[in-house]
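Letters A, B, C and D mark the chains as written, and numbering starts fresh at 1 in each.
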Amino acid sequence: MPQSPTMDQLKAFFTEAFPGSSAPDFIAIGDGTASVRLQVEDQHLRPGGYVSGPTQMSLADTVTYAAIFTRIGITPMTVTTSLNMSFLRPLITRVVVAEAKLIKLGRMLAVAEVLIRAEGSGSAASHAVVTYALPKEDA
Amino acid sequence: MPQSPTMDQLKAFFTEAFPGSSAPDFIAIGDGTASVRLQVEDQHLRPGGYVSGPTQMSLADTVTYAAIFTRIGITPMTVTTSLNMSFLRPLITRVVVAEAKLIKLGRMLAVAEVLIRAEGSGSAASHAVVTYALPKEDA
Amino acid sequence: MPQSPTMDQLKAFFTEAFPGSSAPDFIAIGDGTASVRLQVEDQHLRPGGYVSGPTQMSLADTVTYAAIFTRIGITPMTVTTSLNMSFLRPLITRVVVAEAKLIKLGRMLAVAEVLIRAEGSGSAASHAVVTYALPKEDA
Amino acid sequence: MPQSPTMDQLKAFFTEAFPGSSAPDFIAIGDGTASVRLQVEDQHLRPGGYVSGPTQMSLADTVTYAAIFTRIGITPMTVTTSLNMSFLRPLITRVVVAEAKLIKLGRMLAVAEVLIRAEGSGSAASHAVVTYALPKEDA
């Protein structure tokens, strides 16, 4: 039974594993769930002043990775196999929140649903289904 | 009939529209097609030394945006509505190439297929289907 | 303001519009939601005794079509533009339930999330994101 | 090294494995590729006289299943894990052709790209990316 990491342990892992990027700002983790908060800066914007698609996809990928770790422990060689993103409405905000919830955790594959919204908003700006492949246990 | 932009015009547009990012390095554009090349740096990597998912998704989004512009001219308020990415195999390389080809250009929606590979490789590392909504003509 | 159809009106529409198929058995409709129930027969199965993928995709398409009609009235020329289905676990049951919930209703596009499960089960067997294009108002 | 099935063997498999459905009419199989042809009947249509989405998704699923079998032999417990379908334009025809091409065949997952068109047409009416999970070798 793997130990679920704390938010501090997750942050430390991301800082070390992705040295060129700022560590995600986790605001909650649970049993198969994780949420992050992003302070929007100029490099996150696209024409129209919207938070860009790649910024949102990156958040979706990150929160899913973390949500899986809440169940199986920090497992770096878990890798994305697909990410299906639907952009529903423009995301114009200074603070973005992304929340992932696992909907499947099998032996080979984990699937999460992710909602991304402006902090405080009741409507999701985008929705993602993200699938990761888990490393083989004997590898 | 809109004028197709040159690669220099595309680069100038991206430089201005995305001030926090380095402009894409276009290597070819055609009638409904565009290719970019990315020199991999540390911030593009994930554990395992693979080019990260978000790096690849960002390239897929960019080449599709450019491929649409080859047909309708530079139209900044064209916005991504969905991006479905399938990661097929680890991408371990110093130079990534992403190529988009439009498979639909309607009045409302454009759809492109994108292949991403290590430069010189015959096998795609990932495959994307990217849909953009075109701004209304009367808007 | 279009009138939301009743379940009987939806059934009558499907019976007439899809003469070769049995009408969906709606069990609930709401404001942007619809659920159907399917009694599994031999032609719905695939090897392993699982309810087949095409059976589930067809249900996902149908409940989304109906969920849209609860908001805009019965509008036959609403057409599917994409359907992204994730199969999470084998679906072995005599009765399937599919539920759609609209997560976007714009002027051009509607997007729904669909969950499919064995009747009485707490775990979804599959998850879909279905996008429809709405006919132009002046068409 | 598994033996690639003939088209007759594929047809016989589908007839037996899906007793309630008419067997797919294979028109070509190759190394990681398969094509089928469908004679359109009333039950395949949706309002507007278009070939319905579920009809096209079912074809996409079938040709991918067969394309995988050209590489690994007939393996019934290969199961769909995701199907992402993009509908590009109305499909109005008496004969539909669906072609699958494997873009990945790993130990756990196979991914194919599928194009569906009116027989004789140069433009795809829809495009799918279909992922199947392969049964474990020791299972």
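As a convention for this text, contacts are C-beta pairs under 8 Å (C-beta built on N, C-alpha and C of every residue); 3 or more make two chains touch, one makes a residue touch a chain.
This structure is a prediction, so every number in the text was calculated from the model and none was measured.
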Shared interface numbering between chain B and chain A [over half = same, under half = different]: same
Greatest separation from chain A - chain, by CA centre: D
Listed chain pair A-C, A-B or B-C that repeats interface B-D [over half of contact pairs the same by residue number]: A-C
Computed distance of Cα centres, chain D from chain A, in Å: 33
Interchain centroid distance [CA atoms averaged], chain C/chain D, Å: 22
Numbers and ranges of chain A residues touching at least 2 other chains: 81-82, 84, 86, 131
Chain B-touching residues of chain D, taken from the complex the two chains share: 84, 86, 88-89, 103-104, 106, 111, 113, 124, 127, 129, 131
Residue ranges of chain A in contact with chain B within the complex: 17-21, 41-48, 50, 52-54, 57-58, 61, 76-77, 79-87, 90
Chain B residues within the chain C interface of the complex: 81-82, 84, 108-109, 131, 133
